[in-house]
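Just below sit the structures, each encoded as structure tokens.
One chain, chain A, links the two complexes that follow: it is found with chain B in the first and with chain C in the second.
Showing the complex of A and B:
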């Protein structure tokens, strides 16, 4: 019994320290109510995309933000996850749990191999070798004619036992539950001894080594975990999209994931999710805004988006989370000034 | 698999290699000396190609297009460094990736607005179209041969510049140890801007020469960018000599692999497997080469930093 009580205590502590993350996740649970009454079912789709990309970004953040490893190839794991669903469906295996298991094993293995090889390098070389592995897999799937090659293939949604994914709300909540599980898992990992070591390696690897721990081993484990999280997101993505193509693992998607993390806040739990919300809302709203201002150029919204990204990098240190905490500090300072 | 085919494909590989080198030469210095992960180098290729195609279409003369595109790309590199890149020197790699990723989106969209999303095609002047026999019975397009020659000339020019001139010595010193170079009284800011503009210029030259061979369209520089990053990593960041050797290797492997690998596999495994796996392995070959090089030599074949 005390074990369970301890666990509940740990969850409580974790949730208390990461209020923003869980507020956002609860917000996603309530969101379908709003779209139902406002009669905007399209926005459920946007929310699902946000949750999936946010989940993948959270996985990447373990490596990028906490471990300080700039992986420019994590879209590959999303792709592997998606193709695990696609290839299983192709061979008539429709059970979604099998897809997920298949994806976890494959992505874990791919993460182990790529991580083991890539982590021998550092700096620019690490960025480029992760990109190279992602490109390798991209071209592999482009040339696999049996699975649609360049054009990809349409697939049915997976079957999750009693959960019928053709009911949009059930699909929504399946993705939501995955988000809760990933959020909870990453929260524990970050707060565990492993997570602390990973952060220590980021700030000073040789000191960690001097303490008798092998940084490489910790980095590889971190890399594998983040690969698996991206794989899960990819598998669900395939079911949501009912379609898999190499496009899902294009190198620009790796860039997108990094943008999402930076935008939200590097090395924070809530950051990637917040970043995904803002990123995808911008993607939806910029064309509308531009369309209202200059209808002829509605399609060219990237002309604003590109400079916006540059601004975020140049001026938005710490991302949105950094901005929020600055506001918090300022507000606290003001109330201190006024006195009790 | 005749000798003619092998010869022809080797020349194609050389042509791809020298084009890659033109893109990689500047980028390897930008990565090595300034330590900036500059992903928008592909956009310089695109700017060069569009400038050449647009001027050629307006004046009706291919050579004027080529000639005028050089100052355009030089200026674009110079202005870009002044406006944005110099603020990125002290930032970490991830921020550089993102900012230059934003630049890619911006430039692609700018070109799309200016020239439309469709590809531009440019005609070759009569003096460069047609074939020449490189061996009796082995015709080869004059234009591609011309590209190889121009690329080799540029490579020799860059080599002489880097290894024989005073500025070249500064560049090498900068690649080896930027802080020490600055401490010796060399104006590293001006040097950086100059290297950046010249690098952009060579990327632009690659773009304008590719124009008549491939489609000139938004985003055309990106495949070239990724391949030139591979070249730089194989050659060793900051080493122009390494970039040249790696570019030729990558160009040859990529071209010859695509043509001959499926056939070679067919002699080892059965036809169906070979037809399926051949193209897959061929398109991965370059990246496999890079991974193998990095695993055995984590800083590339010719590391510039001692």
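Showing the complex of A and C:
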């Protein structure tokens, strides 16, 4: 009994220390109410995409932001997760829980193998090796004609027991629950002894070694966890899209995830989710805005998108989270100044 | 003295044609401060690296408390009881002083693979970490980011982290390097207080500190030992004067 009470206490403390993350997650839970009354069901779709990419980015952030490992191949794990759903369905396994289990095991194993080999290198070599692995897997799936090859394959939404994903909002809340689980899990990991050691390795691996720990082991475990998170996002992505193709693991997706993390705030819990929200909203809204202002150029919205991203990264050191905390500091300073 | 804490037997290491460690044997006895001196390029740091496990010798053996550790990697050697400070201060710059000590404390306890409880707010870890800091007098700086510490304080923190693993022998690679006069004196005092608690192998260019601290001094020139003895023996040795002290 006291174990449960302790756990609740830990959750409470963690949530209190990471208000922004949980505010955003609660926001996602309330969002369908807005779309319902505003009669904009399309935006539920956008929100699901944001949650899925945000989840994957949170997973990547564990190695990129907290562990300092610049993996340029995490789209591969999203792809493996998606194909776990696709291939299972191809062989008539429609149970979504099985898909998720299959995905967790496969991505964990792939993460272990790739991490074990790639983490012996660092810096630019690590970036290139992770990219190379991702490209190998990409072309593997392109070559698998049985599963649609280049064209991919259409799949049905998975069956989660009593949860019928074709009912409106069922998939939305399944994704939301996955986001809560991932958010909670990462919150615990990042603050734990393991997470602290991972951050220490990023800060100074040779000092951690001098404490008698082997940095490689911690990095591999972190890599596996982040691969599994991306795999879960990928499996749900497949159900959301009702379609799987190698496109989901194109190398540009790895880049997209990195941009989302840097935009939101590297090495923060809320950063990747906030980054995903802003990134994908810009992607949706910029064409509309530009279309209204200058219809002839609506297709060239990326001309605005690029500089905007660069500006956030340049001026908001630490991404949007960095900008927010700078504002907070400034506001605090001003109120101190006014004082009684 | 029945057993040496650290013993090197016939250690050899070459980089290409350059022999940096030449059939080198010596011991560090329990509780002593053993200084290793020699001109630049004598191979002092390479020797430390071989004891620490970051560089493997071409031949020869390293023993810790009579147990051979030659084939082991760095983390295993640290666990076996080798602690070290580096020539350039080596602390966790992104962390506070207390957090530095907490990471060391959980590593010492072998608890670094735990995923549930937050580490930095753990009371018992904090208590252990404070104890680590009090050994070098850094308790009042606990909440400072390590990057805000003055150079000398950072060296103290590094020493504290090295002591945190409860080493049997401590390798100190130029602990006074870059320190001011006052800082050097303070560091000398702290090392002096460690005498008897832990065996120390000290590399240092500050001769005042070496002669004040060392129970024994070994002089290394071009990868080989030319003399070992007490401070008096060394300062009176004509070979040492010719090779080292006189060359300045």
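To be clear about the criterion, the second predicted complex is superposed on the first by the 339 of 340 C-alpha atoms of A that agree within 3 Å, B and C clash if a C-alpha of one lies under 4 Å from a C-alpha of the other, contacts with A are read in each partner's own complex, and residues count from 1 in each chain.
One rule holds for everything that comes next: a contact is a pair of C-beta atoms (placed from the backbone, for glycine too) under 8 Å apart; a residue touches a chain by one contact, two chains touch by 3 or more.
These numbers come from a predicted model, not from an experiment.
In the superposition on chain A, A:38 makes contact with neither chain B nor chain C. When the shared chain is aligned, chain C comes close enough to touch A:210, but chain B does not. Contacts of A:292 after superposition on the shared chain: neither chain B nor chain C is touched.
Counting the residues of chain A that each partner touches, chain B and chain C differ, and the larger count belongs to B. Within the superposed three-chain model, A:333 lies out of touch with both chain B and chain C [touch as defined at top]. Residues common to the contacts of chain A with chain B and with chain C across the two structures: none. Partner chain A is touched in their complex by these residues of chain C: 73-75, 78-79, 83-84, 86, 90-95, 99, 102-104, 106-108, 111-121, 161-162, 164-165. Chain A makes touch with chain B in their complex at residues 64, 70, 72, 117, 120-121, 123-125, 127-129, 131-133, 135-136, 139-140, 142-146, 251-252, 255, 258-259, 262, 266, 297, 300, 302-303, 305-310, 312-314.
Residues of chain A touching chain C in their complex: 10, 13-14, 188-189, 191-197, 199-200, 202-204, 206-214, 218, 221. Of all residues in chain B, those touching chain A in their complex are 31, 35, 37, 84, 87, 91, 93-95, 97-99, 101-110, 112-113, 226, 229-230, 232-233, 237, 276, 279-280, 282-284, 287-288, 290-291, 294-295, 298-300.
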